[in-house]
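Should a chain be cited, it is by its letter among A, B and C, assigned in written order, with residues numbered from 1 in that chain.
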Amino acid sequence: MAAITFDGVTKIYAGKPAVDSLSLHIDDGEFMVLVGPSGCGKTTALRMLAGLEEITSGALSIGDQVVNNVLPKDRDVAMVFQNYALYPHMSVAQNMGFALKIRGESKAMIAEKVRAAAEILRLSDYLDRRPRALSGGQRQRVAMGRAIVRSPQAFLMDEPLSNLDAKLRVEMRLEIARIQRLLGVATLYVTHDQVEAMTMGDRVAVMRDGHLQQVATPQELYDRPANDFVAGFIGSPPMNLLTTRVSHGADVTLDILGQTISVPTRYAAAFSLPASGEVTFGIRPEDIVIATEGLRARVERCEALGAETLLHLSVNGPGASQHLVAKTGPRTSIVAGDDLSVTFALEHAHFFDVASGATLRAAS
Amino acid sequence: MSPGRVALFVTMLAIAVGMLYPFWVMISDSLHTQSQFISGSGFSLGSWRQLSAALPVGRQVLNSTVICSMSIFVILAVGLPAGFAFAKLRFRASSLVFLGIVSAMMVPLQAIVMPEFVNVTRVGLTSGYFGAVLVYAALGTPFSIFLFTTYFRGVPDELVEAGIVDGLGYVGALWRLVVPVAVPAIATVTVLQFIQIWDDLLVGLLFIQNTADRPITVGLAALASGRTTSIPQLMAGSFVSALPAMLVYLGFQRYLVKGLTMGIDR
Amino acid sequence: MKARRLTLSQRRQLAGVVFALPALALVIGLIAIPIGQAVYYSFTQWDGITTTWIGTSTWTQAFHNSDLWTALKNNAMLLLWVPIALGLPLAIAVLLHQRVAGWKIFRSIYFLPTAISWVVLGLVAERFFAYQGTLNSILHAVGLSGVTTNMLGSESTALAALGITFVFTMIGTNTMLFLTGLATLDPSLEEAARIDGAGRWRIFRHITLPHLSRFIQLAFVMTVIALFSALFSLIFVMTGGGPGYATTTMEFLIYQTGFSQGQFGTAALYGIILFLITGAVGIIQLRLIGSDK
């Protein structure tokens, strides 16, 4: 087992960087989730670690060894593929034991390791089956099994749950996290699903267009997003981002299409806000409160999700409007077309630079 | 059945009779002696009994079998790695090389038979089977590579990658993962090449100098060109020569159909 | 020598080259180089051992040689059988496609001659056309004793006998091709046309046939190539190219010129001509295969 370090790792495809000087450290035993929209470079980063993709520049190490030109077989990493890539002509047991067989381990040793892994994964009754005869969830577990019997330096997982139905996905999410903690092997887990990222990772790395945006624990990512992209990507529904004009008085005042809200200095102090001009004001849907007074908005649409209700609101000004989503309790009497007022839990407000999108939170 | 269906059935039966005609000729003509055949009456197994005196069928069927097996072995041995290379290990100019090899499918042996014959004779390969095996292998390789490459392109990249991450090299990935998965394609190539090589005349005629090493088709053709040949014996020999290819066809019909219609049925 | 450290993609490419090399060597050594040699030898006086460069005079001589023109004419005459070699299998495929009781057995029987050597089929055809053969028996039986002939023995009919045999040998392959084509036809199209009141012929003409056009093109090309390059076995056992030159096609002319007359240079030249003809047809085929992607 070992730590993994990406040090300025770049991958250029047809003249364009797919991954642009990625620096990321994964501690030994850590579960790192790499998340981002499709085409952001996360899978390329994973494949470079597996040795399936050439590294254009930078250094990638497993433990103390730089592995840029080390063959995949000498890297001792195990990978779980999105479509599982099980060997169709081998039984479940043979699939799981294949890497050990190649390595030349004894039959008895292989059988024992496969048996132990099958037990962890509840596959003991299926060891003689071919992959074709298994359900999607079982195949997924075989793919996991193939990785864990090897006791590798690291697990690499490429969207391993995306071919499962929603219910199974929730189940396997917990399962994979449980197994990883049990084995304590450094894991790089790639997904485009922010829920998986938030629930599984010890830390989460968010990527966009080949660039790493932020690496942090899930809570940190949620509470202190480094920029408006992370703010919008993490959380469902995403954080509301409103363009406001700022001015300073006794309190900080924000102007949204002619309506104003004032932010108490004790909350604004955490940010280095400009003296005047535009800033992006960010507020999560659950931090919007319906009140008798405040920002006036119209209800455009009302989505009752059972446990909660999402209100799609528009704030209308002269010749323009801005959109907001608020989360409120279940069984509300609010309907589309209603006019109402909202206030914000401003202790949870975020501010971002309009041009760069970077957070204005003062370094603490 | 409606009258229309009955008429259809009868038509198909008539066509079947026509397609079975060669087999009927071979069997019925062979069941005479030469004199019975000329007089047009009588029935005898004599031609079958004396067949091996006129035509060393045992040896020639063996020759055909060995030549077929060796050629198919070479075709698979060079075709499988090449198909894997073109489908999964793309190298610089690999698609151009692939196109070049596949175009060689269009070159008929007759067009190059003179230099081919002189070259193979010059290196001394026309004694024994090897000259013919090499020529058959060269003629069969382009189509096989076309078929294997097409088939391997349909095998997910992840299968190979999973093997590589599990510790295989490219040779291991080919023999332990791709080849086992490609059994249908291998069967198609094998059956198609078997029938083509078994049935061929020209290569065996020119590239095997030693009479004892002749395949059965060459033996038959030589027997047919004799002036005093017994027609019942010739037909008996024909039947023996046709039998193995027929059995292979009946056993592996679907692979043959797949091979012959390859490239158009997708 | 210590191996230079290769990058991963260099290693992959190297493996690719190494894997492709044996096949490439085989094709270059036994197909590509002989093409070049054939071109070279066509400009020489060549007996298989010594070569003397004589420039284009072999070519001028060849084009004044009536044998070449006879062979080309024979090939051209055989082309007249191609429509039948396509039409008959098309009809048979359509019949099979009706799926009457036992159609799979019929299909197996229809394809069966495909497995058999053209040497054997040629020998059987010889029995069919022989003076005491099946054809004449049939003619007798239907009261046409007057027209009985030995088709293979006469210069005027031998080529037709070869053509008929050729059609028979192509039935299996072409039927197979058309049947594959029919299997890809969406049955709901036919049903929709039937609901619209179209008759059998109209459905065939306006739905089935256009759908099959690609398959017909391919069968056409394959049949023409076979006609130029696969008749050797048939001719060898049925007629030996005769009587006279009546059944000597290009490919048989090459064999005779080279191996019976020992004129290696001229035979190589004829080979180039054959190569150009089949090459032209082959390019059409590549286009057809390529066009469906």
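In this text, a contact is a pair of C-beta atoms (placed from the backbone, for glycine too) under 8 Å apart; a residue touches a chain by one contact, two chains touch by 3 or more.
Computed from a predicted model, the values in this text were never measured in an experiment.
Chemist: Measuring centre to centre with C-alpha atoms, which chain is farthest from chain A?
Modeler: C
Chemist: Quick check on this structure: which chain has its C-alpha centroid closest to the centroid of all protein C-alpha atoms?
Modeler: Measuring from the global C-alpha mean, the nearest chain centre belongs to B.
Chemist: What's the distance between the Cα centroids of chain A and chain B, rounded to whole Å?
Modeler: 57
Chemist: Please work out the Cα centroid separation of chain B and chain C, and write it as a whole number of Å.
Modeler: 16
Chemist: Mind checking the centre-to-centre distance between chain A and chain C? Centres are C-alpha means, answer in whole Å.
Modeler: Comparing mean C-alpha positions, chain C is 61 Å from chain A.
Chemist: Multi-chain contacts only, two chains or more: what residues does chain A have there?
Modeler: In chain A, the residues touching two or more other chains are 51, 71.
Chemist: Quick one: which residues in chain C touch 2 or more of the other chains?
Modeler: There are none in chain C.
Chemist: Hey, what residues on chain B touch two or more of the other chains?
Modeler: Those would be 169.
Chemist: Note which residues of chain A are touching chain C in the complex, please.
Modeler: Interface residues on chain A, with respect to chain C: 51, 53-54, 69, 71.
Chemist: Quick check: in the complex, which residue numbers of chain A touch chain B?
Modeler: Checking each residue of chain A against chain B gives 50-52, 71-73, 77-79, 81-83, 85-89, 98-99, 102-103, 146, 150, 156.
Chemist: Okay, in this complex, where on chain C does chain A touch?
Modeler: Contact set of chain C toward chain A: 5-9, 11.
Chemist: Enumerate the contact residues on chain B facing chain C in the complex.
Modeler: Per the stated touch rule, the residues are 1, 5, 8-9, 11-12, 15-16, 19-23, 25-26, 29, 40, 74, 77-79, 81-82, 84-86, 89-92, 94, 97, 100-101, 103-119, 121, 134-135, 137-139, 141-142, 145, 169-171, 174, 195, 198-202, 205-206, 217, 220-221, 224-225, 231, 234-235, 238, 241-242, 245-246, 248-250, 253, 256-257, 260-261, 263-266.
Chemist: Residue numbers of chain B touching chain A in their complex, please.
Modeler: Where chain B meets chain A, its residues are 156, 158-159, 161-169, 172, 177, 180-181.
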